[in-house]
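The structures come next, written out as structure tokens.
Both of the next two complexes hold chain A, though its partner changes from chain B to chain C.
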Partner chain A sequence: MGMTKYLFRRVIEGVITLFIVITITFFLFRIMPGDPLSTIMDPKMTPEVKAAIRHSYGLDKSILVQYGLYIKNMLTLNLGDSFYYSRPVTEVLARRIPNTLLLFTPATVLAAVLGIMLGRIIAWRRNSKLEYSLTLVGLFFYMMPFFFFGLILIYVFAFKLGLFPTSGMIDYELWTFGATASEKIIDILHHLILPLITLTMASFCGMMLLMRTSMVETLREDYVEAARARGLPDKVVRNRYAARNAELPVVTALILSISLSIGGGVITETIFSWPGVGWELFTATVGRDYPLAQGCFFILALITIVAVIVIDIAYAYLDPRISYD
Partner chain B sequence: MSSKLLVLALATLFLMAGMVVSPSEGAKENYLRLSGGQDIKGINPFNPAFGDVYCALVKTNIWEYLYRYTPDFSENPEAKDSPDKRIFPWIAAEMPVYEKVGDKYEATVKLRDDVYWWDGKPLTADDVVFTGNLMLELRIPARYWPDWSITGEESYVESVQKVDDFTVKYVLKELVPLFQVGPMREYIYPKHQWDPIVQKAIDKFHKGPGEITEEERGLIGMEISSVDLGNDIKLDEIIGSGPFKPADWRKGEYMRLDANKDYWAKGRILNINGKDYKVGPYIDGILRKVYKSNDASVLAMKNGEVDITGISPTDIPDFQKFDTMKIENYTGNSLFYIGFNLRRKPMSYLPFRQAVAYLKNKELLNERVFHGRLPPIYSVVPFVNEYWLNPDLPTYGKGMNTVEREYKAYTILKEGGFGWTQEPEFKVVNGKAVELITKGEGLVMPDGKPCPEVKILGGPPEQIPDAAQANTMLQEWMRAVGIPATFTPIDFGTACDMLWPPDMSVPNYDINTIAGWSLGPDPGHIKDLWHSTQRPEITAGGANAEGYNDRGFDKLAEMSAREMDPVKRRAIIFKLQEMIAQDLPVYPTTTITRIQVYRIDRFEDWFNRPMYGISSYMNPFGYMIIKPK
Partner chain C sequence: MIKDLISEFKELWKENWPRFKASKFGSIGVIILFMFLFLAIFGPIYVGIMGPSYSPVSGMDLSLEINPETNSYAWPPSWDHPMGTDSKGSDVFSQFLNGSYLAFVIGISIAIGAAIFGTIFGLISGYWGGTWKDSLIMRTVDVLFCIPFLPLLIVISAVIGALKLSVFIVIMIFFSWMGVCRVIRAQTLSLRTRPYVDSARVTGASNFRIIFRHIAPNVIPLSFFELSMIVGGAIIMESSLSFLGFGDPTQMSWGMMMNFCRAQSHMFKALWWFLPPGLGITLIATAFYLIGRSLDEIVNPRLRERK
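Then we have the complex of A and B:
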């Protein structure tokens, strides 16, 4: 099987996974107790008005008919209208997705790069002070609930030291009274730092410790010893022989961490009032805004599936034993 | 080497970002900065989804009423014939003049001739007639329809007619107080902005020359409510008459309202608590930022990012350290109660309800659990609404300690025909209970059957821990006298569906402590909540979850909706409160005290409106008179 066929197969699998996810989320929200329109319908409205509202959202139809319509609409990327905002879900999410990507992408990359890099270094310098201290720090943050870590960052760096904003993505005064493009970029970066650190820490420590363990085992392998015996420089032995093989389980963990970080993203975005998809998912779920919550799940599932496919393909590059055939 | 460089680069970035001076420090001095707990979903006044307090804060600064309640709820001498004397003219020039013509009534409303829309056009009778006809013909905004119809079907307003440019005549089939506190206190919309939108929606959905059908009405309403203010109509194209104009809106982040420098009411005198204030606005505008958590808004207040926010009692010591801030409370016009499902036993027995009322030591709970935040009430009209409050109602155990209450509950149950497999035993000294020696068990109802488990619906501890603790205590007090009570934590939405089933089935609960109401100044809610026609299994959306069904009460409640004489109406309202306090379909428990902290170094003349506080949508006057320092 060539690259194209492999890619095609992975995309098909991804679409099937996505279909399963959206089906589960559809029925999951339907079995939740409560009337989704209770947040927008005033108890004093006449039955006719209530019926018209219910009809306009398609909630007067049977659940199977609703499901059929939902799948049909999904094919055209029509995610319906949000109950809460009374606007198309795509419109609401279009404003949120860039914010989430802005937070997720650097957090994932940083966690992976830093985790692999530091894990490699401390494994190479086994029994050194650096290894002890970084392992201890890694374990400490690995065990710490990261929402708590986020709150500590807010308290220390935003409140006590006043170095960063307490919440949000922008300084509302700066933006509303006019700011240059560069001021706006700096402002967003300024707001990004604390949530970024929180979300990065959520997976970085685990990756660093995993990389360390994997690397320590790899260093005992015969081919590494052989490389050393051949008199190759330490850096070459470490990076080209030991680390490359040790990275494979870390990359697997990275795939899993992407889906796990969705949960982390919801919490991080909520703590920092970061107006992303996770923040919207939380609000929509609590407010029983089915279309919006389903839309959030859809987008997050899509991001995860695409990321998994990309990393899957990258795997073949990292591990010469894997081929597309 | 490369790793060291990366770490160095990250550390530098962190420090540099930290050194960026927060622009908040250079705040625009004359903008009042508010913290909001929720996003503003939308500001289309016809969209039923945008009826919450957050959206209302913006709407109330855009569109205005013919009449308003006085800022401090003092009586207006000109309103001597009004069913509520606290009302005064705003867009109207004087109080309405009523006249009986045949078997109908005519209410003539004179408008001020100096009220202008933001685009410079005068607000005239055409706008008022247009607004009235939206309700009569299309029943929009839907949430106000109950103000136009006592029965929910036909309106008591027959027509709204233009007499001249600044005079409007309402033809009424019957003269009811609701007219004055309802339709006269609803937003007036500019005809020249909304009429084309309305006509387009009618053309789209109304088939044929006949009258608009119910179904068409619903579709037309939905079409009009789908107009996106901010996009379909740009913010600077919205036409209002109020003191602040929406200027910038980043959904999920903030909204900015700019002061209407040509506000028609500028310079008008408002008398508040005996002092005269000239209407502004004096501030440049209002900036409202969304903070999803209370902790975030409290931190923002401390950091100087906002000028006012709500805090909890535990935050008070922190804020007392700031001499630039002031802490001020207000007690809201909110109603919380124990609601009994009268369709089920043992709740259908009056002695049972009385016993529970005695057992609920709300004074103790307010002091020990709620730290003074939920002051006790004894009427379904909270004490903050002094004008309508009947002060002579039974207080069910006020001043008694827990044992005395338990003994009283036991006595009431026993005298009411209840029995026990093991009767509670008390140590009584000089006729006064001093100790519960043995708890009661196996309560038997007057019909000889064992009392079933009584579930107390309440908010879950992870969401409202103090309320959950109060319900656990109530459960234990009830168990002490043998009532098999169980506190059942439940989320609010699910509880609402049990109390008011959307499918019009019979409400499915025993005792409700979770639902409460935020009330308007008029006590019309007594009829709306407990008239027998409002049982949810009879009327879709009916609020009478308790199933209270008393013909005498119904009759009196209907009289309260029709009595125009304020003195007589007050007497009826007093009697209704008495009937509820005696029949106990609900046992009123608390209202709510909110704590606000605000900056006194930046602004002065903060107005803390009774019942609604400083930055509520129910206090538009506050924004009109506050001044920068």
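Then we have the complex of A and C:
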């Protein structure tokens, strides 16, 4: 069946991408200036001891063997120990991944849904004041760097108005002095709002503008004209006839914007100190915690690849015209 | 090829300049862009007039006293310093002008690099559409689109330290050409079967000649929109990286200004230091987008408004 084959091909492509990501990190960490063991080895050690350490890290093997071992370790999620936490990287990241998904998933869904909704409204009312003002405002925010937008939110809503916490994910005082489950959930949501707005805004405006363009093109199609001529209500023509087809390019663009919003997630998590993978990547890089930084990048790339495949397959379901070969 | 391209552009210009002028958004974009271009050129002149203590990277105004409100040399705007000073007494306006110059350097050089690579690969991929060359290039494009490259840039700077501006530009070019490539490929695919290309082939023109003489001049204008997006995206990416503290510390870009402001925890105390760079990035990126979009509406007749 075509669909299964298509799915299979997408997964294979994802695996290839993953291999390329692994290869990049492997060579990146090999070109590192100086000996990777210089932090561990003491110049006073005898050559025999040095050779023993070298052997224990597998650095005396040929580069090809090292590469093979590296791939095996990455695929079995054996990502080494974090310098800072002195614990396996996998263990550190296992606690960070849910936080990242908690922020990233609703932001992507919200951005797509809101963008498509508003985009089709402004395309429908082309040349109205509403269209011009929303397009300009959308553009302005689309082009605003995420971190700038996020920091302004912090300044206005957290610092000046005091409505939201400035950073973090939980209120430690509340949690240590025993809070009920519902209080904890409300606390997390309270912390989530500002980062969520920032990350949603990052891709929402792009979605809206794209939906507008795509919808303007679709509205000129004959079948839309025909639907109108048949006397169907405006709402039905707009939502059931035009928007259905106009959504398709937006979904394609969503695929391309995933890697950008993963980057946006890193920035958002950093400025809000949201304890996710992106924030960990930032702190690990600042603290020169190579294994952890590499692990974070690996996980972020993995999330991107999986998200792209999921959206791609959803697209294949949405558009019956797509061919699976 | 260059000659053809120039004559193609001249025709495009003659035919479309009135249309471009008529588009409201495009004109706004041009006005904003010229404003920043003026600021970029004005930067060195300003430092020249005001003296070395106004230099964007190393300058400090030693006559300042500590501002009790910010607990540093950061003073709000005054006659001496039109945008105020930063925490070490350096002129914010001078830094802002320098950031404007750097934004142009970064944006334009990355866009040119991406345009060259994207066009070449797009032409090859489209001309030999369906062969292994096409698949190889398009699969590479798919793969590159899937790599989250802000995290990649962060990991790279984790290994080799803060990225020099030139290194950053090279890496960015490598990750920015895919959009242009796709647009050029799609157009080349439809052009390669046109009669005039066939007739060129029959008269014995080499593949190289057909691609660059006959196809390229017709497809390049179509990538304007992608290019304008690359310029904006590159400026934003540089500022993001600099803001996180992994940018080139010897270059006072807008992102770097905001990074210093945050690192000195002056974000909430000295808005005159924090707001100008952020607004600068937003406005310049918006201007490029507006211009690109208007150009797109001109070269892509499907988007044009029906009268």
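By definition in this document, the second predicted complex is superposed on the first by the 283 of 325 C-alpha atoms of A that agree within 3 Å, B and C clash if a C-alpha of one lies under 4 Å from a C-alpha of the other, contacts with A are read in each partner's own complex, and residues count from 1 in each chain.
Definition applied: a contact is a pair of C-beta atoms (placed from the backbone, for glycine too) under 8 Å apart; a residue touches a chain by one contact, two chains touch by 3 or more.
Bear in mind the structure is a predicted one, so any value in this text is a computation, not a measurement.
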Partner chain in contact with A:Met143 - chain B first, chain C second, else both or neither: second
A:Leu300 touches, of chain B and chain C: first, second, both or neither? second
Contacts of A:Val308 with chain B and chain C, given as first, second, both or neither: second
Touched partner set for A:Pro275, first chain B, second chain C, both or neither: first
Touched partner set for A:Asn78, first chain B, second chain C, both or neither: neither
Which of chain B and chain C A:Gln66 touches, first, second, both or neither: neither
Touched partner set for A:Arg288, first chain B, second chain C, both or neither: both
Partner chain in contact with A:Pro165 - chain B first, chain C second, else both or neither: first
Overlap of the chain B and chain C footprints on chain A, listed as residue numbers: 33, 151, 159, 270, 288
Interfacial residue positions of chain B with respect to chain A in the complex: 3, 6, 13-14, 17-20, 22-24, 26-28, 31, 33, 39, 41-42, 44, 47-51, 139, 142-143, 145-146, 152, 214-215, 217-219, 221-222, 225-226, 228, 247-248, 250-254, 256, 287, 289-293, 295-296, 299-300, 302-303, 305, 491, 493-494, 496-497, 500, 502, 528, 540-543
List of chain A residues in touch with chain C within their complex: 13-14, 16-17, 20-21, 24-25, 28-29, 31-33, 139-140, 142-148, 151-152, 155, 159, 213, 216-217, 220, 255-256, 258-260, 262-264, 266-267, 270, 278, 281-282, 284-286, 288, 290, 293-294, 296-297, 300-301, 304-305, 308
Parts of chain A lying in touch with chain B, wherever the complex brings them together: 33-35, 37-53, 55-56, 83-87, 95-96, 113-114, 117-118, 121, 151, 154, 157-159, 161-177, 179, 186-187, 189-190, 193, 270-271, 273, 275, 279-280, 283, 288
Chain A-facing residues of chain C, complex: 139, 142-143, 145-152, 154-160, 232, 236, 239-240, 243-246, 255, 258, 262, 267-268, 271, 274, 278, 281-282, 285-286, 289-290, 302-303, 306
